[in-house]
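Per-chain numbering from 1; labels A, B and C assigned in written order.
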Amino acid sequence: MSRVLIRGGRVLDPSVDHDGVADVLIDGGLIAAVGRDLPATDCEIVEASGHWVAPGFVDVHTHLREPGQEYKEDLASGGRAAVAGGFTSLACMANTRPVNDDPSVTKYILDRAAKDSPARIHPIAAATRGLKGEVMTEMVALREAGAIGFSDDGEVIMDAAVMRHVLEYSTLVGVPVIVHAEDCGLRCDGVMNEGIVSTRLGLPGNPVEAEEIHIARDIRLARMTGARLHIAHVSAGGSVELIRRAKEEGLQVTAEVTPHHLTLTDEANSGFDTSTKMAPPLRTARDVALVRRALAEGVIDCVATDHAPHAVYEKDVEFTAAPCGVTGLETAFAVVMDLVRCGEISPLELMRRMSTSPVRIFAIPGGTLVVRSPADVVIVDPAGEWVYEPGDGFSKSRNSPWAGHTLTGRVMATFVGGRLVYQARRGVVVQ
Amino acid sequence: MIGQDLLGIEKLDREQIELILETAERMQEIGTRDVKKVPTLRGRTIVNLFFESSTRTQTSFEIAGKRLAADVVNFSTGASSLSKAESLLDTAKTLDAMDPDVVIVRHRVAGVPQRIADELKAPVINAGDGAHEHPTQALLDMLTVRQEKGRIEGLTVAIIGDIAHSRVARSNIYGFTKLGAEVRVAGPPTLLPVGIESLGVKAFTSLREVLDGADVVMALRIQLERLAGALFPSVREYSAVFGLDRAKLRFARPDAIVMHPGPVNRGVELSNELTDHRPSVILDQVRNGVALRMALLYLIAGRPSALHRE
Amino acid sequence: MTNDAPPDPTQTQSRKPASAETFRGESGAVPARPPAEGVIPTDASASERIVLDDLRIRRALMRIAHEIIESTGDQERLYLVAIPNGGVPLGRILAVNLREIGGLEPTLGILDTTLYRDDLASRGIRPRLRLTEMPSSVDDCLVVLVEDVVNTGRTIRAAMDALMDFGRPRSVRVVALVDRGHRELPIKIDYVGKNIPTRPGETVQLRFTGDDESGSMEVVVQAAPPRDVSDGQGGSGKQR
């Protein structure tokens, strides 16, 4: 099946600002044509009327747990969860076991992904050895091995001098350094946002200032060094202001936000359900409103799930002991569609945040339906309702705040390199 | 209320609190008898599931259960398979299989009684979860005040100490405000949690101001090990600024009573004199604790599935 | 209201205790409010008949006082134990009568039997507890239980169990203003005000005719079951 015609969908291609009904012809793994009423000769036809056709989503922040913690997730299951969620490319973080701070680990991940994962996987390597925040990694070698960026995510580089040098050195390779911004001192033993809700629940709080202060620091260091700084999972309204000013100043600062920080507040912690425990924590309604607006305006560049699978028994403990993180690949589209439904962002712009922007930041292929580009395509039904049961999903883990919820916005089909890898009726199609 | 969980005061309404207090007053009389036992809960099983040890609360529940002729089983960490490794779900299911009529849970971390209650058929009574709630303590505190003062409505209650980490403070705030008292809290700024006013209280950092006009003065225990040095500089300074003695108590109303959930750090929160003599009602609090817990067990214990008719 | 049938929720719910004061009357005396529970909301649609008016009640209590004096030897050890709620005003009147007729000063105690009931396990609601005030020991006393209406006999059995936990009386006798006669246990009434035949579905209540509890009383038989005021407490499962 080398020729596929996706017929009659609303084609949203942010790379050329295309928003209109059209057909998309895939041939030999590439986009062959986009236009109205394309001839349907000698090809498989996929009817897409009433649906959207867009470049496959790109998630630049996931934890796929391989090597070392395959009981939570691995490249195979993570890749399947990804294509089920409409993602054709993923970047995976370095906090594996062993840490991806050596080219051998980077190559291992790429080899395994090529064999096992239906989605494209791009490793992010560690910024410091062992994520210890002390000695920087061999960024040149890691870049050559295939790393698309550097991050200690999972940990925080608390020493400003180390961060400065990491940023400075990274300009040698010209890829972003991704920062998990959280001042560990201020965060203390906080397990949820510090505020009225944490006071009511009697749980130790993690104030927004812990994020804002750290972002302010790293933006200054980025200015000082001229490095490319990408801020992970922005959660606080105050952070948005810092990022806005940095962009206005012309600094190479980009940012991402998770689906949960766009839609859930700290009230969701009220039942002490550890499926609502993440880092950074869910914030107040005011913060949510500000990050939503920032995403719509482009101050926050893209959506990234921070997909963080954990085993059921790891999460089923007292709130303070549970590891932070929730899964997100399979629910991301439906959740962020809330912004379109509320009229806060147009469908085209949302698609830009989901693919075109992240690929531009990390200089990876994708995010476009232009002729002769790889046919990484997603077909979605923006109004399709479905119930998310993690047990029936593709991720090995079930830690999601939307477990059992009815969601609106459904991925109908996903193509990677012109090959159909996921279809809503059939599930993931294994090669 | 049979079969209903008691996880906190926050979700109780005034009527329920009054029913509990009224029932507790009736139970007090049993403690004055020669034979301090009634057959009411004979054959019922009460399980104490204490992840965090507490001799006084556990013993109070045990005595309460035994006075109602129930069988009381104590699980505390160390005494059973309870450890970090056993998930909350497994713990709850194991207990469920033993068919208890009520399970009393205490844990260092907020939310555990609720998680267990979600999985158990039997009702759960929260005996203290982290800094979240300690409903039985607040209820016995309200009972004590009502008996001393004849009412709760219109009284001014001052709670002094580590409000940020105190479940006793939170539960008392909910309880006393629901019953119409004015509640104030005081402590060093570092021990007043963010947004505490949203619970309907006034916050002070001055002992003199918080005591002015107070009918009830409640001192909370300071956890010396944990906090000295980090959240306040020293025990000496805490005691000088927020510790209560007879001299400082004069800022309150002349007939003010002094309360403390215990155990008292003598010389820190309360002077020796205020701990042992009137107007302290600390021992009454302990005594009332048994009657209060008897009332709760009477009202709550029982698996709804075991009932065959209304 | 003190049928031997399980008290229905109407009575336990209609009264709202305002404060501690309502439970602490003067020492030794009957608290001011409990008879209010005997005041049932009259349901005009239920057919009811008054079987004892105030005059007849007081005459019966006077006669019973005479009977007690006649049949009691060592009258110094007489101990009236009233079962709330209806037994309490009756016990008080009986004590006054015994003093007027025979110069006796019997001890008057109040003993709530709720915690000794044999039907708590099958009920969806735990009944409200009432006052118990036993001013002195019952050891070696001639105890006279005072109840307004005796039906199945279970309340009297519960009262005897409770009494045994207070000590060892020399003897226990029972005063009932009304005996309905549908015994389920071998309980006998020693001093009866009136035997009233009833059908099992009917209820028999002692109540005050006016609003205040110091006034006249009457005993009324109601055919229809009283209004069921369910407060949603307990019963069907955990409220989350």
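Assume contacts are C-beta pairs under 8 Å (C-beta built on N, C-alpha and C of every residue); 3 or more make two chains touch, one makes a residue touch a chain.
This is a predicted model, so every value here is computed, not measured.
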| item | value |
| --- | --- |
| Chain A to chain C, fewest steps along touching chains | 2 |
| Chain whose averaged C-alpha position falls nearest the assembly-wide average | B |
| Selected interface, A-B versus B-C, where C-beta contact pairs are more numerous | B-C |
| Distance from chain C to chain A - Cα centre to Cα centre, in angstrom | 73 |
| Inter-chain centre distance, chain B versus chain C - centres from mean C-alpha coordinates, in Å | 36 |
| Distance between the centres, which are taken as Cα means, of chain B and chain A, whole angstrom | 45 |
| Partner chain B, residues of chain C touching it in the complex | 16-17, 19-21, 23, 112, 115-116, 120-126, 128-133, 137, 161-162, 165-167, 230, 233-240 |
| Residues of chain A that touch chain B when the two form their complex | 194-196, 198-205, 207, 271-272, 313, 316-321 |
| Touching residues (chain side chain B, partner chain C) in the complex | 1-5, 15, 18-19, 22-23, 25-27, 29-30, 33-35, 37-40, 68, 117-118, 121, 123, 146-147, 150-151, 298-299, 302, 304-310 |
| Chain A contact footprint on chain B (complex, rising order) | 10, 84, 87-89, 107-112, 114-115, 129-133, 164-165, 167, 170, 193-196, 198-199 |
